[in-house]
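Should a chain be cited, it is by its letter among A, B, C, D and E, assigned in written order, with residues numbered from 1 in that chain.
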Amino acid sequence: MAAVVLNDELNSTESQEIVQRTPKEIAWGRFKRNKVGIYAGGATIFFLACSIFAPLITRAFGVDNHTVYEGVLNEFAMPIGPLGGISWSHPLGLEPGVGRDVFALLLYGSQLSFLVAFISTFASITIGMLIGIATGYFKGKIDSTIGRFADFLLSFPGTFMIIALSLPLVQRVEAIGLAHENAARILVLVIFLVFFGWTGFYRLIRSQTMSLRERDFVMAAQAMGASSWRIIVKELLPNLWPTAIVFISLSLPGYIAAEATFSFLGVGVQAPASTFGLVLSDAVGYWRDDPAYLLIPCAILIAIVLALNLLGDAIRDALDPKAGR
Amino acid sequence: MLKYLARRLSATFLVITLVSMSVFGIFAVLPMDPAALTCGKACSAPVIEANRHRLGLDVPVQVQYGRFVKGLFVGRDFGEGAAAFHCPAPAFGYSFNRHECVTTLIAEAFPVTLSLAIGAFVLWLSVGVSLGILAARRKNQWQDRAATAFVLVGTSLPTFISGILILLFVALKFNLINPIEMGRWVSPLEDPVAWFRTFIFPWIVLALLYAATYTRFTRSNVIETSMEDYIRTARAKGLNERDILRKHTLRAALAPIITLAGLDFAGLLGGAIITEGIFNLPGLGRLSIRAVLRDYDLPTILATTILAAVFVVVANLLVDILYAYIDPRVRVAS
Amino acid sequence: MTEPLLRIEGLQKHFATTTGGAFSKVKGTVKAVDGIDLDIYPGQTIGLVGESGCGKTTAGRTILKLYEPTGGKITFEGQDITHLKPKQMKPLRSQMQMIFQDPFASLNPRHTVGTLIGAAFEIQGITPEGGIEAEVQRLMARVGLNPEHINRYPHEFSGGQRQRIGVARAIALKPKLIVADEPVSALDVSIQAQVVNLLEDLQDEFNMAYIFVAHDLSVVQHISDRVIVMYLGKVMEEADKVDLFTHPRHPYTKALLSAVPVADPIKGRKRERIILQGDLPSPVNPPAGCVFNTRCWKAQDKCRTQVPELMQIGKDPSHRIACHFPEE
Amino acid sequence: MSGLKTSRRILASTAAIALAVGVTVASGSSANAAEKPVTGGTLYFITNAEQFDHIDPARVYTGRDIAFLNSYLYRNLVSYKPVAGSAGSSLVADLATNTGVPSNAAKTWKFTLRAGVTWEDGSPVTCADVKYGVSRPFASDVITDGPQYLVQALDIPTEADGSSVYKGPYKKTGQAAFDKAVTCSGNTITFNLNRSFADFNYALTYPAGAPVKASKDTGDKYDLRPFSNGPYKIASYKIGDQLELERNAAWKKSSDTVRTPYPDNIVVRFGLAEDVRDQIMLEDQIPNTASLDALQPANLRAFFADPTKKDQRFNVYDPYVRYAAMNVKKGHMDCLDVRKAVFFAINTQALIDLSGGREFYGDPGDNPVKPVLGLDYKKTTGNIHDPNWKITGNPTYSASLLEKAKTSCPDAYSRATAADKGIVWDISNTATNQKAAVLIGDALKAAGINIKFNFIPSGQYYSTVQNRDKQNDISSAGWGADWANASTVIPELFTKEGGFNLSQNWDDPAYAAFKKKSDATKVETNRAKQAKGWQELSQYVMDQYWIIRPVFSKGQEVWGSKVGGVYYWEPQGNFGFGGMYVKN
Amino acid sequence: MTLKPFLEVKNLNVAFPTEDGLVQASNEISFTVARGETLAVVGESGSGKSVTSLAVMGLHDRKRTQISGQAILNLDSGPVDVISADDEVVRKLRGKAMSMIFQDPMSALHPYYSIGNQLIEAWSLYNEGDKAAGKKRAIEMLDLVGIPDAAKRVDEFPHQFSGGMRQRVMIAMALINNPSLLIADEPTTALDVTVQSQILQLIRDMQKEFNMALILITHDLGVVAEVADRVNVMYAGKIVESGGAEDIYYRPDHPYTIGLLHSIPKIGELESKRLVAIPGQPPSLINLPRGCSFRARCAFSDRVSGNLCATTAPTLDTKTNEHFSRCHLPEAELLKARKEIGGN
């Protein structure tokens, strides 16, 4: 309660004598003060860089993700050596049964994870943004129809539908010739994730647009003769970006985890490609013999998702200090 | 209020109809042929045709849907001659893979999922809300930071990881569950202890995931509400802090959680696919996944999908009604 | 005075109220503005007063065609603009502008002052002499802002300064008419006078007409030439300022005037007051007959059934009231 | 490995079939002569599977299920002898008093029913019951998945589409034709066949020939609770949960020369997570338990490495040959050189290692017929005996074959090598198969072959690949003889009428001659001549590379420390369930 | 007033630490109020008037606020210093010894509880008795504050009341335990002018009825003129002028007060003369400049000899009895200034 008074006092006492900063500077300043956010950002950049430069890094370590190494597995196809065959030449050990390099598998796997997560996030954002702005701004029949459709979508058991429908849909995509194999599977997975995922952002944007359009500055623009297009682009969008950025930062980790989960359930990417989910679902069968093979990818996946979540929180706190406080 | 209820009920009914129709439509246009899939070894075109007839897939999808709806109200007959049998209303169809009326299968699986959902719900709600309150009251102190850490770990751990880790490295490793009975349905009325032991780890796994959201939500709502003018009014009246929190802050701060909790709970009722899978729980999630992956058992797939959607739609309705009950503004306005 | 700059005849604006929820239906209409006539001439200021919910803000916005009028006619410089489409209105927008109440909400926080004021030129496709930036800085100087602050964001200014930005934006294209919607009511007392003075100076300079929407009678009295008193969407009384303030004929106007606290301890306390009973009725469900009848001390049965016409009263032909039982 | 994988999660449903002769490699039996069996107690079985594929006698076709159900629940006219070793493959009279009397060049078979056999309600098992049981597989819309020997062999006319005119006991269409083919006279039942069938009585070891009491038939639902005439009856059965058997009070030892039921109760727990199942066995947590599944490879090794468990396990050659079927239909693998190129490129060693190594998975084979069939098996030439074959793959030779294919069959060549095309291999979607796919893909790439894998959910695998339109170029499969005669292998796998032809070889120019010879061999009553025929046909199959890289696979069974009387029942390739008891 | 003041505020300072620095929200505040007396506190937003009254009510979060000085309530049982007393002691003063009503009646009532419920809650804090007794008292109070049909409306919810009615409810709730001091923080700012006069009338009536000390916080000089006995004018966290209502209106001593009085148009002054505006903006409360905080906006600071306004903060000088002002301007200059601005 004291804080309310405090805010009132501050707002009204702002004067030109205080050195003021732009919204960006304020957000950046707030972000910089958040040590956790900085570390998480660093970690995220690290993981992203590892993923992007997977070919270079693996080459530097002299490994790759497709070679079946010889002489590294015993007669039961288990890695020779402690901790799942961790050695200088195979820093995270070897894949039991096949003999590929786990380090390379995870690096390349993270590429697919990030790919799916980024495409899903941006597609959801784009669709949610377009529809959210359109319905929030123009209201009317379309708005209520789409709103009801979104409610309707939310009532479906998304996870189950993805599992039930992905195989036939992949076949259909392949039959049409749109994409093949893993590309087709990723496409279908992404379409599903977006299909069930856009509504959240759409609602957010719609409600924000609705409240923004009631703000006087929109009316001021109308009074100046601005077209709807100009109002959307020049007046609304700049105010919606922070929401979008926050949403992106918070949904990326969600999509990474989702991709892993669906791979684990057998939906999405399949061998010989790798993802975290595939490696983990494989590793479960070896946990007694080769716990390192299970725990290392687990730890890395958790670290990535955690870093992205922490970064997302920090970005949200920086851009939108009232939310979540 | 009655008028509002009637309107909401009819809208809900409409949505349920639309949901069931679209589920039917979606699965009908897929290039999957359950008749061929259940054909067996002596498979030939006439057998597939016979199968298609037996499964009721030899008629247009709208007729199939009509039969489905009719079956819900008056029951349905399957098979012919000596092999005929009847599924009483509400009949969701017949699973030729499980040799049971789908309604029976659902009736068997539902208590499991319900137990899972209720226990997890209670656990996550109590943990999430109390942590959220604690974090809000001790804002920026160590309790708040600990809660934040919990939230982040909770949101970052996909259930399939937390579930497996808890199963393998806790439950199994330390013999905390009776392995041969693992996941077996025991009625809490018959053997509450065994029931509790069956479900405690799945509850923890789900609660870990959901509690995080609730901690976060509660924390921000409590902080926001405690800045409301009416809290200041309560304080100005001379109310003590405990009563302010209990009677004034929480009432308003927790009301929106009803919506969230209701929908999450309803979502879980449709089956927790991963958790049920990991812990062998014979609930709706496993029923539906098995129907897809093992048998492509269309009647079961349709029924569980529709049911899951119905749970959400109905929960939406109940949540709104409950909300109206709690928030007089909504109540009187409607 | 010959041709009015703007002529409003029987202006109406009704809003549909809905039941809300997913399957909303139209429940009824709120007659936010229900019949306003006015003529305004260049350089004139018309005050539009009334309590909250009386429809004055809606009236102001409808006059500028920011809301589509439900009925009536708006003529601007002889041109009927009642049902012009937004595109057709666009060229006229430079002629009529608006100043908003809330200097926080009416400035897009993501734009710099330069963008905010310059938008008027950009939208209308006008390039002033010396370029937009120079013109913006000139305008800033004119309204009393430091032109060097052209690249600052609204939150870097105080409320009064922000309102100056709003004023600069409104006058950028040298409009002939400005609707000022409660332009000073959100400002601190010590700042209000600054803005009122600025508006007066600008009017002198550009010969603009103002429609000054406010609930504060003292400010309206100060700035207006003519005043329209509204209650629940209807005009209760309209008259030239002096007439209205010295000799109000409508009971509502009288009550309104007497309710204004006077900053004078002795005079103020001695003053005879009319304290109206009750609250403003809901605009969704306005009283039958004269809308003011529920709070009027003179209300008779007639008032509860018959809607009083807005009629000329007294000697001044432009003094009109809507009352069955006018004050002497 | 890529052969039929009894999936880690779900037992593949349609193609697991019993075999007559087995060779015990490791310890074949724990039956200790000094130990006396104990009556009473509860015997547990645990499995990752959700259910028995079927328990309706007309539908059950999985060796393990047949062995289990035949030992406990229902009796056939004839049964395999419930003993360890090769003696177990001999037939004994069960419901019948004899093992069948053939006549009319083995086209007519007569069996006489034993007196005093009753159903669980005490009513006698009659000839009509047997006849009714035999009639049920004809209702192909209700009774799916069961063996088709009776349907195919009984002398009943067929329709144009190949189906029998008799539509089973529910529709009763064509009932007269059936009544003529199967006749009852008192206690004697006579089967009239449409061909000479020298080992017809072996076909009757399948419960598809077992009696069913018509008044108790519930059609599809009979698969949940068949009416028992064996020593146990079903107390409860819930798919995904458990099957519980209790003693059948109406069963009399005097009427049964085959079974000696020891435990009071038998419980099968379904759907245990693999880790849980393995943990129970590894730690002997429930000592009166046997696992119906092999453990996961790593756990299996641990179990077999533990000397204290030496009496709780066996490791034997199972009845199966696992192989990759080449779909030689035009447009698929219709080029011999390409088929050979694929074969020679594969790293067999890696695949075997992946699945448990030679010790637990099996050996590279050279024949669709397993050596355990004795007579019908003969070492073939070519394939793994080709000097160019290397167990770790020979990409160079493979590449040279491809080079040949370039001219001999350019279409197939381009399909196999072009980056945008490639050979598509059907495989069931299991963790091990995902890895096998990597190994195969890696090996074939070295030879310049572009391979793609079509992963199919395990439960739907066989129904998908058996759909001739959906089957791709190569399909992983496995097959075991139904009894000790390659007539249950070669015609089944390589003739158009066979129930499991994944090679789709009938457009192959060599097919007509092959089919003619197969038909002749099938009705050959001279066993030695017949065996020679099968040997030659096997060699031909291998020469044509209709199937490649057969693996003679092994199976392992493990049980708890309190389970006694376990032996390997060779003909069923599984536990001899009837002898198992719970130790004190 | 000869009565012993009920509330004595002595040298009260309230400051909030923020990221940008310490906000000195109220500074060296001293005043007294007696029972039956009405003290108006006037000032712009941010001048510290609400902060001060919240400090008196003990409603600041002590962890986030730096408070010093004294605010003594002279109760029958003896004086209590709200600032130094325990939280629990202060809590028990709230609602009973002192009460407060707030600016926005729309948000000051809990939306989920009925009006009666909220009144009963306040009543039962200091009264023994069952719910029925509480309800009786609640209806009585609602009746008293002029809610028509109180017995029925007591069970309704805040959102069913209009703004004016809610403010009446707030008053009823604040007065239900007969407090000795009522602080009304901008009680009519959110209300329409016709309703404002109703509420002001009500507050006046209630003050008489209960013989309370009343602190009325407002920015509206008109409101002050109508009800106040004495007036504190605040600027930038400080009381710049304090005195009887007539002193303040007819003989303002501080240039800020003078400016304020003349910057508002007065009803009835029909000739459109230009308003007298105070130039500039109020200063930030962080790092207040040395010297007089009004200096930058003051038209007369150059008339003070030396650089006094810039270097030395003026103290609260007693000009006449009970009329104080914080200004360096000499008496003569002051009279001149009054004339220059106001013409009287």
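Assume a contact is a pair of C-beta atoms (placed from the backbone, for glycine too) under 8 Å apart; a residue touches a chain by one contact, two chains touch by 3 or more.
In this text the structure is predicted, and so the values were computed from the model without any measurement.
**Q** Quick check on the contact network: minimum steps from chain C to chain D?
**A** Counted as steps through touching chains, the separation is 2.
**Q** Let me spell it out: compute each chain's centre from its C-alpha atoms, then which one is farthest from chain A's centre?
**A** Chain centre farthest from chain A's centre: E.
**Q** With chain centres defined as mean CA positions, report which chain is farthest from chain C.
**A** Most remote chain from chain C, centroid-wise, comes out as D.
**Q** Taking each chain's centre as its mean C-alpha position, how far apart are chain A and chain B in Å?
**A** Here the centre of chain B sits 25 Å away from the centre of chain A.
**Q** So, what's the distance in Å between the C-alpha centres of chain E and chain C?
**A** 31
**Q** Find the geometric centre of each of chain D and chain E from their Cα atoms only, then give the gap between the two centres in Å, rounded to an integer.
**A** Once rounded, the distance between the two centres reads 93 Å.
**Q** For chain A and chain C, let me know how many angstrom lie between their CA-based centres, rounded off.
**A** So the centroids are 49 Å from each other.
**Q** Got the chain D residues that touch at least 2 other chains?
**A** Residues 275, 457 of chain D touch two or more partner chains.
**Q** Check each residue of chain C and list the ones that touch at least two other chains.
**A** Answer for chain C, listing residues that touch two or more other chains: 22, 158, 161, 188.
**Q** Name the residues of chain E that each touch 2 or more other chains.
**A** In chain E, the residues touching two or more other chains are 44-45, 59, 281-282.
**Q** In their shared complex, at which residues does chain A touch chain D?
**A** Within the complex, chain A contacts chain D at residues 66-68, 73, 75-78, 95-100, 167, 181, 266, 270-272, 278, 281-282, 284-290.
**Q** Spell out the residues on chain A that touch chain B in their complex, using ranges where they run on.
**A** So the residues of chain A in touch with chain B come to 1, 3-4, 151-152, 154-157, 159-161, 163-165, 167-169, 171-172, 175, 253, 257-258, 260-261, 264-266, 277, 280-281, 284, 287, 294, 298, 301-302, 305-306, 309-310, 313, 323-325.
**Q** Once bound in the complex, which stretches of chain B touch chain D?
**A** 36-47, 50-51, 53-54, 78-85, 96, 98-100, 108, 167-168, 172, 175, 179-180, 182-185, 278-280, 282, 286, 290, 292-296
**Q** Quick one: in the complex, what on chain B touches chain E?
**A** It is residues 228-230, 232-240, 247-248, 251-252, 255, 326-329, 332 of chain B that touch chain E.
**Q** In the complex formed with chain E, which residues of chain C make contact?
**A** On the chain C side, the touching residues are 51-52, 158, 160-161, 188-194, 196-197, 200, 215, 217-219, 221-223, 241-242, 245-246, 255-266, 268-269, 273, 275-277, 279-280, 295.
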